[in-house]
Structure formats: C-alpha cells, structure tokens
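Two complexes are shown next, each including chain A; its partner changes from chain B in the first to chain C in the second.
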Partner chain A sequence: MLAKELKAKLQDIVGAENVEDDNASLLAYSYDATARFQAMPDAMVAPRNKTEVAAIVKLCNDHRIPIIARGSGTNLCAGTTPASGGIVLTFKHMNRILEIDEENLTMTVEPGVFTKDIFDTAQEIGLFYPPDPGSMHISQIGGNISENSGGLRGLKYGVTRDYVLGLEVVLPNGEIIRTGGKLAKDVAGYDLTRLFVGSEGTLGVITEAILKLIPQPETKKTMLALYHNLDAAAETVSAIIANRIIPATLEFLDQATVKVVEDFAKIGLPTEAKAVLLIEQDGAPEVVERDAEKIVKLCKENHAFDVQIAKTDEQAEQLMTARRSALSALSRLKPTTILEDATVPRSQIPKMVKAITEIAEKYQVTICTFGHAGDGNLHPTCLTDARNTEEIALVEKAFAEIFEKAVALGGTITGEHGVGMMKLPYLHLKAGEAGIAAMQNIKKALDPNGIMNPGKMLAIAEKEKAGDLQ
Partner chain B sequence: MNTAEKQRIQAAFKEKMDYDELMNCTRCGFCLPSCPTYIETGRDEVHSPRGRIALMKGLVDGVIEPSDEVKKSIDMCLGCRACETVCPSGVKFGRLLEQARDAIYQSNKQSLPEKMLRGTFFNHVFPFQNRMIGLTGLLGFYQRSGAQKLARSIGVMKLFPESMQAMEKVLPQVPKKKTMKNRPQHVQPLAKKKKKVAFFTGCLMDTIFMQTNDATIKLLQYAGCEIVIPKTQNCCGALHGHSGEVAKAKEMAKKNIVAFEEAQVDYIITNAGGCGAFLVEYDHLLRDDPEWKERAEAFCRKIKDITAVLVELNFHKQALSMPDQIVTYQDSCHLKNGQKTFMEPRQLLESIDNVTYVEMKDASRCCGSAGIYNIVQSEMSMQILDYKMVQAQQTKAKTIVTANPGCLLQMKLGIEREGLSDQMQAVHIVDFLLEAYENANGIVSSQKEAAAAGMK
Partner chain C sequence: MLAKELKAKLQDIVGAENVEDDNASLLAYSYDATARFQAMPDAMVAPRNKTEVAAIVKLCNDHRIPIIARGSGTNLCAGTTPASGGIVLTFKHMNRILEIDEENLTMTVEPGVFTKDIFDTAQEIGLFYPPDPGSMHISQIGGNISENSGGLRGLKYGVTRDYVLGLEVVLPNGEIIRTGGKLAKDVAGYDLTRLFVGSEGTLGVITEAILKLIPQPETKKTMLALYHNLDAAAETVSAIIANRIIPATLEFLDQATVKVVEDFAKIGLPTEAKAVLLIEQDGAPEVVERDAEKIVKLCKENHAFDVQIAKTDEQAEQLMTARRSALSALSRLKPTTILEDATVPRSQIPKMVKAITEIAEKYQVTICTFGHAGDGNLHPTCLTDARNTEEIALVEKAFAEIFEKAVALGGTITGEHGVGMMKLPYLHLKAGEAGIAAMQNIKKALDPNGIMNPGKMLAIAEKEKAGDLQ
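Showing the complex of A and B:
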C-alpha cells in the first residue's frame, strides 16, 4: 500500500485521475505476457509529460520506491512484473507522434505510440519502419526500445536498436538527458543511446525517441516451402544464406505449430508438412525475382516437397500475421506455454534444432519449435500446465540445457525477448561473472538506489528495500 | 461492498468459473486493440479482455477480493466478443463473462431499482410472449392515445437518463395487440420450394419489431422457403444468460428445443444477431445435462441467420433495386463474432441496383447497444455511440443497415442524438431487402400495406 502522503504527492504531480490504487487496477498491472510471473504494484500512475515523469522519478528516488515503466505488457521475459512492488508508469497520455522529418528520414515519437501506428504512418508517405515484433499491433515503442525487440525482419533489416537514433531519458535522479540525434554519425562520448536500448527499464525512463526510417522496398514476394522433416528445413536455411541471399524474412515452423496456427487463422496452411519455411524477399522487382528463383531452387535441392508462392499482397500479409500468432495459438494445445528464444549463429541452426529435439525427448516434455531461423533466433516453446509442478521442474531442466547448448554453439540465452526475471538465473552463461559485474557497476552508477525496475536483468544486492511503502 | 457479500461472491467465483478456460489466456495482449472499452477508457487494462480475465482468475485464486472496482470492470464489458475473433489461443471470453456475471449477480445484492428492473423483466416479462405483447401493447397505447404527446409536452421524460429520453423518441410504432397475437403458424413459399425452415421470431422482434418479422417471413417466401412458426417457442434467454440468470436461460432453452424439434425443418432462421448467437450455443448451455445435450446439438446445427440462408438460396442474384443512395452496414457483434456471419449482409447489400455500398471504418466495432447495456451503462454506451456516428457520417450514407434489433435502436438513437433525422435513417436489413425486392419486381409494398392495416 502506498502511504497516504505519497499518494497525495503523486496526485499533485499528475492529477488525481491519473493515480490508481484500487485492487482491480493493481491486479491489472501485476502481469505481462510471461507465464507464471505475477506481482502486485502499489499504484499505477499515468504521467502526462516528461516534466511529470521527472517529478515522479525524483519523488520515488527520494523515498526509494521502485518504478516499473510499462507499455502494453506484451513482453515475454517477466520484464514488467512489479517484483518488489512500487509504481507502474503507463504512457497512455504520452502517445503522440511528434514529428515526421522527410528530409532526414526520421520520426520523433513519445513512448506510448503503438508500433503498428509507426509502421503505418511511415508507410503512408512511402517510408519504412522495419522492426515488427509479433505483438506490433499492440506493443508500444517505449517497450520495444527498452526490450530491443526484434521481429520477422531481423535477418535483413536488424532490430529496434538499429532504428533508434536518439533518446530523451529521465535518469533515476530525476535529470532529463538527450542522447544521439538526427545524426548518421555521432561519436561525442559514450553511446548512451545504445546503452538505454534494451536496458529493460533498469537505467531510466524513456520519454521520447528519434527513429530512423528507410525508403520502402519497391516490391516483395512471399513463399512457403514444405518439408517432410525438420532437418531438411534447417539445412535449407543455412544453404540460402551460404548462397549469399539475405531474405527479408526466413521463418521456421514445425508441424505442431503450423497446425495450431491454421486452427486459428484458417487460411489453408499446409498442415501435412512436418516443417515449413516462410520466406519473404523484398526490394527492386528484378532483384526480388532473381532471389526468389534461387530460393525456390535451393529449397527443392534441400528436399522441399513443395514450394508455394503467395499470389497477392493480401495472401502474403495473411501468412505473416498467422506466423505472428504462433506463440499464443500454441496455447490451444496446453494451458501453459513457456517460450524461450535461445539464439545461435545462423550456420548452427541445424545443430540447434536437433539438440532441441533430443533434449525434449530426454526430459519427456513437449517442445514445439518455430522462430526466426534466418537470424538464428529460435523459439522453442514448451507446452505444459503451470499446475503440474513435477512437469514444470522437468521443463526448467530442459530449458537450462537448451541455454547451455546455445551458448556452447556460440549463441546466446535470449535473442530478442530480454532477460527480465525469467532468464536472470542464466545470464552468467552468456555474460560471464566478470561481464555481469561490469553491468552491475553501470547499474549502480546510474541508479544507486536501485529504484528502476528492480529484480530484472541483474540480481543486484538490493539496498534497504522500499521502506516508505509499508 | 460488505464482508459477507465479498465472501459470497468469492465463493461463487470459485464454484462457477471454468478454470481451464481462464488458464487458456496466455496474456499476450492481442485482444487489447479489439476491445471498445479498452479504447474508450484510454487504454485502461482494467477494462480490457485480458484485464477482466486476470480479475476473474485473481478472484478464483484468492489473489484479490471482490470489490466495487472489480464488479465495475465486469459490468462495463459490452459482451461484444470482438476479443474472441482475434484471440490466437481461442479463449471463449463470452462464456467466461457469463460465468462471472452469474457469480456476481446470483450472490450480490443489487440496488433496489436495478433489482426490480431485472427481476420484472427477466422472470416475468421476457419468458412469456403474452406478457411481452401486453407490455408492448401498453407502449402502443401510450404512443397512440396521445399520452406520448402529453408526456413529451409536460417533459416527464426528463426524469429519465438522457439515453432513455432519446430512446423513447426512436422506438418504432408498435402494432396493435390483436395483430401481434394473430401470427400464422405455417406459410407456403411464393417461389419454387427449395427449403423447409422454421422461424425463430424472438420476443422483442415479434412485438415492437413485428413489421421486421413479417418482412422476414415474406423474404423467405420469395426465396423459396416453406416456413413453420412454432407457437410454443419463447425468448431465446440471451438477456438472462448474459446478465447472470443462467438457470432461467436453461429453462427457456429447453422449451425452445422442444418447440422446434416438432417442426422437422432444414434450418431454424433468426433475424436478430443477439438471439442467434445465443441459440447457436444452447449445446454449451446444456452441456452438463445428459438428457438435453444431444438434442441441443441437433438444434444448434440448424440455426442460421436470415442473411446466410438468403445468400445460400442465391437471393442476391435476383432483381433488387432501390432509389439511388449510399448505404453502410453496422455489424451485429453477435452475428459476426458469435455466428461468424458478416460477409453475407454485405454481399446482399452490394447486389442491390442503385445502392452504393460504403464500408464504415470499424464497422465491426460494437455500437454500444449490447442488450440492456445502453440503459445500465449509459455513459460508456453513449461515448461508444458518438464514435460510431462520426464513422457513419464519414461514409455520407443515407441508410445505416443493421441486423439486430438492439443495434437498430441504437443507430436510430445515434441519428436522433446527432440531429440527423432528416438526412439519415437506420433500418433492419430484412426490411431494406424486402423493399428492394418488391421495388424491383413491381410488387405493391407489403410493408406499407401491413403498416396501414396494423394501425387501423
């Protein structure tokens, strides 16, 4: 519970209507899209501008109250669950596109803008904002930046990080700083923009971002390649890249995933195939045509029994949308879906796919696999039931082994979902103890009181914990 | 909310909620953009489908206690089920909502006026078609006797909420009591017979919207249907089911199943999206009743909306014409999200000569009518309606077509509130289609004839 005096101060800052602490509101901001994680905040606060954000942060810093900045709560790493209570900041009022600069090809936005609206607004003027996380219809850009979200176009176009040119951030001490700018080149000091991108809300609150836009590709071609076994599909992925083709999208789905997605989307997906690759190439018409021909040839050489090309843009979009629903659709089979996003160098995809199958068998758990095979980012998803504690223990063991395998293959424990609370126990596998210590030092320097999203990413010795709250 | 009441509600949640269905929600948030109350509250998670499911689960798990805010969240839901169509996990939100409302209202003390309103309507009026006729007969008397004029001139209606005041103005002229009781029970087709169907008349549709029911029968005749209209049918029970009166709903479902079993038909036709979506789920309503389960399933398989059967019988390929105009269509949430019928109405409208069909932005977003929502949640309902009317006006349509009586009244209300009565009208799709058919085929308008006869 929030102390009366503190609540009054927050109300003074943002107005009474923008502070909620009834039990329905607290519960509604206690979760994100991660299974098995939930914790109640002490209040939900909706600031209307950066000055209010700064005032809130300062107040919280003085009173050692945790702050959890939250977009739409679609992250998959328990990144916005209020593990130590505190205040959930939402950005429903800070949801404007502030500027589109067609000369510099940038868009300046507030954190509460939906990703889809950024994409659509750019598209209307012939520009392109490529990052497209699965939840792009509802995710907010502030959250995308904090999680450094990826998507289906990572292979060719990169991820959110590659489209953030500058940020405005409220630091834990309440100071407002601006990093980067509408600049292609900028080496004035540490690259703080990159530091804040993907920092999971542990270093400050983002209040504005300058995004990079690029010219829209002229045309695109989308296709499905169908296989009788997983390995052949995985081999094709390596073959395409080895042949110097970088498709815009190169997605992998196993049979179980294709079946549930079809069950939801009903667009005639090939449920008879054991594995499917969803491939899209975009660019100038002659390039797309040439690449598509080569890709079809490579698929067939690698034992695809059929390659289907989307006949219309609509059909292509249906396929991409269907793929984005894969994770949630899997829960049609079992009540709980626990998903990881271990990532390996592209060349190691066949080995990783094989390892996942073997590990699932070893622990007798059901793991469906889909993901961004083209950039090495797989999404092994375990279908289970959170109520079955015995099975959950096995699932945890299986995932620990998958992480270890990924790192051994030169990969990482998470490619795009983030560490949050969920992967915190495994961060040492990738970062090493010295690496974690370096991160902890950065955290301490910027947030000495540990108020920014505590308990996420780094297990830091938490100082006197939020005494004022009780 | 006092402690005893909290305990009662919490116990009811533990008993009544389908926990597996609650677990099916992965909290991915894909439902958020589809939810009218999430949008209209400025992204308040409490008023989103994901938030509501979390609240329900929180009550069952004992993570939170029942409170006025929790109840408000459940009450504020329109029950439009737009979230169901976008849910990749396939969560049956409509059912969870019914269970939650059942849990709250079977164990909660309502405010006295609300209780009286609910009690009177749910137990004593809707289940009995005679009483529906009696009640709407009163409305008819009110309209014809001059009492309406009197009430308007002395301003009695000002005592009612704003939405009800406007609603009073847009209610259709009610046919006479005698006409309402004289419905034939068996009608022969007016074209080569293609199907034998039964017509589910609906309680509200067969009283104040009786003209639309007559038009439905006429259309079915023109399309080549032999029609049975079982006299023993009653209200579908949707209003009860959606408002936490499940036992009453089951009782009414059984009566309807019996009534239509005797008819031995290919399809059971509805012309109200709200009723149809409830009828089509009788199998779920009676799933725990071994004696009724199979009979309910057989019943559900036959349910078809009038627009779907018309398209199946190629009615859109017949001559249809109207005076030159722009037309737009407001989806009935339950017809679209419950019965998955949304292409057919558009297909029929597009096939009418001289009609330019313009799709309204967010046509499938709820209009805010939602059963008795526009009376009990008047403020939110009007906020949603305001958005809807902005979109409707953008199309420059002369006619807004709907497929459900609630939506129809709400659209009429919207037109009245915006002061657009002289340039815009709202009609039920069957009335519009019948006029288009008779107009194109040089038939004297059966609606005008009937209207004249009914008023005598």
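Showing the complex of A and C:
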C-alpha cells in the first residue's frame, strides 16, 4: 500500500481523480493476458502529459518505487504484472494522434492510442501502418513499442521496430529525451530509439512516438492451401521463398488448430486437412496476380490437395479473421491456454514442428501449433489447467525443451511476445551469460535504482534455469 | 610506441607477420577519408579469427590500450583516426563470405568483406543487398555496420541497420557474444544488434555479421529532371511522395555540383540547369513503367524544363556513376573537400538548401550541395584549403550554423556519416545533454576502461561547442 504522503504527492501531480488505490480498482492491473502470473500494484496513476510522467518518475526514483507502464495488458510474457508492487501507469489521458504528416509519411502519437486506430487512420488517407499483432484491436501503441510487437505481416513488412522513427522517453532519472525524428537516416550517437523499442518498460517511460507510414498496397489476394502432411506445407513455404516471392502473410495452422478455429468461426475451414497454409500477397494488381498464380502452382507442385483463392474481400477478411481468432478459439477448450512463440530460421520449421509434436507426446500434454511460417515464428499453444500442478510441471518441462530446441536450430526463445517474467528462466539459452551480463550493465547504467518494471526480462531468475529442469 | 613486452604478446597471438609498428607502415593508418584529422597509432594488428580478436581485446583491456577497428577507412567523420594512439585492428585475414543461405535469404560475412562483393555475390543468385554507400567499391562491411552507412537507396530500402540480422561481437572485456540470428523476429532481451550497428567501434569489435537479402527487383528505370530553380525541384520531390510513389533513388544536385561532375565524367549532363533530380524506380516491369510515367508527369507539372529517361542500361548506369562520382569530382577543385551530411525531414529540404546558400554567402565560403532528396539527407560540400586557417575558421562557423539549422528544422547533424571526431562538438544539438549522458552511461557500462575507439562520438569535446562559436 502507498504511504499517505506519497499518495498526496501523486495526487498533487496528476489530480486526485487520476490516482486509484482501492483494491477493487487495483485488481484490474494485477494481471495481463499471460496465464499464471498475478501481483497487486500499490496504485494506478493516469498522467495527463509528459511533464506529469517526469514528475511521477522523479518521485518514484527518489523513493525507490517500482513503475510499470501499461497499455491494454494484452502481452503474453507477463510483461506488465506488478511483480514487486509499485505504481501502474496507464495512458487513458495520453491517447491522442498528435499529427499525421503526409509529406514525410509519419504519424506522431501518444502511447495510449490503440493500434487499430493508427492502422485505420493511415488507411483513410491511402497510407499503411503494417505491424498487426493479434491483439491490435485493443492493444495500445506504447505497449507494442515496448514489446516490439510482431504480427502476420512480419515476413514482408517487418515488425513494430521497423516503423518507429523517433521517441520521446522519460528516463528513470526523470529527464525527458527525444530520439530519432522524421528521418530515414540519423546516426547522431547510439541508436537509443531501437534500444527502447522492445525494452519492455525496463529503461524508461515512452511518452510519444513518431511512426513511419508507407503507401497502401493497391490490392491483395488471399489463398488457402490444404495438405495431407506437414512436410509438404513446409516445403511449399521454402519453394515460395526460393522463387523470390515474399508474400505479405504466410501462415501455418495444424489440424488441431484448424478444427478448433472452425468450431469457433464456422466459415467452412477444411478440418480434414492435416496442415493448412494461409497466404496473402499484396501490391500492384499485376504483381499480385502473377505472384498468386505462381504461389498456387507451387502449392500444387508441393502436393497441396486443394488450393482455394478467396473470391471476395469479405471471404478474404473472413479467413484472416479466423486465423486471428486462433488464440481465442483455443482458450475456450481448457481453463488455461499457454501460447508460446518459439521462433526458428524459416528453413527449420519442419524440424521444429516435428520436435514440438514429439515433445508433446513425451510429456503427454496437448500442444496445438500455428503461426507465422514465413518468418519462422511458431505459436505452440498448450491447453491445460493451471490448477493441475502435476500437469503444469510437465508443461513447463515440455516448453523448456521446445525453447532449447528452437535455439539449437538457430532460433530464439521469443519471436514477438517478449521475455517479461514468462521467459526469464530461458533467456540465457539465447543471449548467453555474457550477453545477459551486457544487458544487465545497460539496465544498471540507465536505471541504477531498478525502478523501471522490476522483475522483468533481466531479473535474476527465481525459478531454476531451464537447463536444470531436465 | 608499443612496449617490447606487449609487442611480443601480440606477436604470440597473431604471429609476427601480423603485427606492424614501423613508422612507414603506421602512417597508412593515421588518417581516414576525413580531411584535417590525423594521429599515429602504436601498432597495426591483423587478427585471423575471433579467438585472436578476443585475446587482443583482453590484453588491451588489461593494459588500457586503445583499440581502433578499421575497415578501408572511407568514413567521413574521422571515425577511425587513432586519436589516442593504440592498436589499429585490420581485417585483411577476416574477409570471407562464410555462407549464403538461399532458404532464409541471408549472407553471413566476416568484417573485412568489401561491400561491393556482397552486392555482387547476392546479385549473381537473383538476390539484392540494398545499402550502397558512395564508397561501396572499396568500403568493408565491418565499417559499414559500425557507421550504419546509408547511400542512394535509403528512401525505399533503408540503411545498413535494416539489413543486419545478427552479429558476433567481442566485448571490451574480451567475451564473445552473438546477437540476433537468421530471424525476422527476435525479442529475447535488449536489441544489442541495433545498438552495435552505428556505434562506431566504441562498444566492441564486430567479428561476424548475418545480413538480410531480399529478392532482386526485376527491372528499373532511370530519369533526369532539369529545373530552372531549386524550389520547383523540391516541390517535385514532395509531389512524388504525395502521390504515394516511393522511388528507389531520388537524388538532388545543384548547378555547381552538376558542372563539376560533368567536367569530371563528360557524359553530357545539363550544366545549364539550376537544379537536377536524378530519379530511379525499380520493381516489377508494369509498376516501374507506370511509376515512371507518373513521375515524368509530376516533374513536368512542377516545372521541370526537361525530363530525360535513360534509354539503355548503360546510360542509366552512367547517370548513377556520375552521381556517385560527385565527391571525387569536387575534391579535384581545391586542396581540401569537406563533405557534410546534415539531414532534415524531406519536406524541409527547400528551407535547408536555402539556408545553406545564405550561410555560405554570409561567411563567403564555397559550398556545393547535392544529396539524397528523397530521404532529406543533403551533402553540403565545402571546397577549401586546410592550410588557410582564416578560411577554415569561417568554414567551421558556417557548418556549425548549418547543423543548428538542420536540427531546428527537425533534422539531425549527421544522416549517414557518423559522429566520430568530426561531429563531436555538435552532438549535443541533436541528442541533448540528457541524451548524451544516457549514451555515455551505456558506453561506460560496456567499456569501463574506455579502450574502444576513444575520443570518438561521446568523448568530451575538446573544441568549443558549436553554439559557442557564434
């Protein structure tokens, strides 16, 4: 609980109506979209501008109070659970699109803007903001930047990082800095912009961002290819890339996922297929037409037993929406859904999917797999029950093996979800002890008192390390 | 000079033939492509692999000896002059392309590979490595990464940073870390890859890099638009972007530059034009055709008095080569050429070019301007004589004002050249004192003994700050 004096100071800064510390209110900020992590904050504070953010940060730094900047809490790495209590910052007052600059193709936003509103606002003027994390309808851009969110368009268009040109950040010492700008080129000092992107709120509080927009693709085409086995689907992915085609979306779903999604969305998905590829290409009409023809041909050559092309925009949208609903659909089946994002080089997908299947069998746990085949970012998803401690222990062992396998195949423990508390025990697999030490030194250099989102990403793991679980 | 004992240890590590410390040899490493900066190193050491690099770094860290990793020294920011002596590391033995991975579209290289060889090797198999700094024929990829080099294709394709997927780095403590991988998505910890890109050798020694390749554009078209005044050229740039066309190259040359380049290249450039745009679009044939038509129309609507389309590949290549020769051509005119890279948001180019002209007149110095109009990255180039101390003082004042103006217009002091020693006095204009402090803390965290390229980027400026020169 917050000391009275501190609460009064916070109220002075942001107004009494913007500080909440009753249990009922705080409960809403005690968890995020990640299963099995919960901790109560001491207060929720909603600043109205960067000056207030700076004043809050200074106060917290002086009193060593943790600060957890939080968007909609849609992250899947326990990135915004208040592990050590402290103050949750929300951005309901800092939610404006400040500027759309059509000459420089930028949009300047506050952290509380919903990702979908950025996409829609750009679209209205023929521009395109490509990053599309699954939660984009409700996620906020501040959270997307902090987690470097990915999405379905990563292969062709990259991730959030690739669309952040500049930031305004309140550092842990309360100083406000601006990085980057409306600039395609800027090498004045270290690339702080990209250091803050994906830093999970551990280095400062983002108060403004300049986003890059690009011209909207003129048209698109959506296809569904059905396979009797996974290897054929994977070989199709390789064949498409080998033919120098980079689709906008290249998604993979296994049979279990397709069945669940169809049961949820009821749009006639082919539940008889062992593996499905959902492919979308966008761009100039001639190019899309030609690429689509080539893609269909490559699917068939690689033993797709059926290839369907969406006939209308509605049908295409239905397919994409169905894919986006995979997590929601899967969560209905069991009390606890653990969605992971082990990622490998594209060429290693068949090996990785095979390994996931074998590991699930070994530990007798249910794992469905879908994900972004084009960029190697898979989502093995475990359906389980957090109350069943015996099963959960097996699930943990299974995931530890999955992460080890991903790294052994040249991949990573997390492609787009982040480390948070969820992946803490596994970071050493990817970054190595020397890499973690370097990151910890950077953290200490910028946040010597450790007030920024403590217990996340680089905290000393409280659990045993993954390697010791075997 | 190197102590005997140290020299013997270095010889033990890399072999006697790979340590040089005679004056004649060292002279070659005492300067880079930047005018007016020179300092002698104590030795040149050429390691043969990462283990040797790590051993050298450990030795130097123990003895507090500066290390300057150096490619071909083509940088324009005095980034590789051995300001405090020490050891220059060269990569003549670490110059192999280690792997081309056509499935994952990556190339893995050692730091000593020439940029042009990367481009050519990719091209041979239908792939494309877009970053093309002016010096790419002789520059090495290690240097490109350390400087985050740009080039003519920045607008559409980005810069070196956008094509570095992973690195192997020897940290100042001698530990070897690997960052990133053959992965489009990776959020396992801080983005060390992008922190090292553009860090000018101040945080570690890069020993390997995984580069991203993309499919080669099928075709391209090159155009030249001639104007009676600069504003019309600038308005054309805005009009092209406003029409949602992103050309691969969109270069601007003023009359002075065109005249000098024509005198050098003799290919019939229009020396009567006050301003010239060199525009190239690439991609699928239909798209290039359509874009080119639109671009020609927009040039004419914005008062180009002539628009020429290159009829053959040779003619197109001639135009691009002429543009690339601008620096060489200008350097013939006066003993000293100072090529700067003040960068502004694209929409501010007219204001910036006007300011450059006025500032040059104010101080009575000769400044030609050309550059990457599409991405706002201008190259005001001063033709002067370093021996004329009176004129040089005026040149410095002029450039200080140019940098201030660029920042005031939302731009930066350096778009693609880096800070090095050249821009040290101006970094505070862009990064601010709090930003510089944050960078210095990161530097100290990773390199507490300050052995990595000391005196560069974040060193305390020995000169007066730009603001005090007025």
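Going forward, the second predicted complex is superposed on the first by the 459 of 470 C-alpha atoms of A that agree within 3 Å, B and C clash if a C-alpha of one lies under 4 Å from a C-alpha of the other, contacts with A are read in each partner's own complex, and residues count from 1 in each chain.
FYI, a residue touches a chain if its C-beta (ideal position, glycine included) is under 8 Å from a C-beta of that chain, and two chains touch if they have at least 3 such contacts.
Note that this is a predicted model, so its numbers are computed, not measured.
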First (chain B), second (chain C), both or neither touched by A:457: second
Partner chain(s) touched by A:190 [first = chain B, second = chain C, both, neither]: second
Touching partner for A:32 - first (chain B), second (chain C), both, neither: first
Complex contacts: residues of chain A adjacent to chain B: 20, 22-35, 38, 40, 72-74, 90, 92-93, 114, 135, 137-139, 261, 263-264, 325-329, 331-332, 335-337, 385-387
Partner chain A, residues of chain B touching it in the complex: 20, 23-24, 26-30, 32-33, 42-46, 48, 51, 54-55, 58, 63-65, 67, 69-70, 72-73, 87-90
Of chain C, residues touching chain A in the complex: 101-106, 126-127, 147-148, 150, 154-155, 158-159, 161-162, 171, 175-179, 181-192, 194-195, 197-199, 214-216, 238, 241-242, 244-246, 283-284, 286-287, 290, 343-347, 372, 374-377, 410-419, 423, 427, 430-432, 434-439, 441-446, 457-458
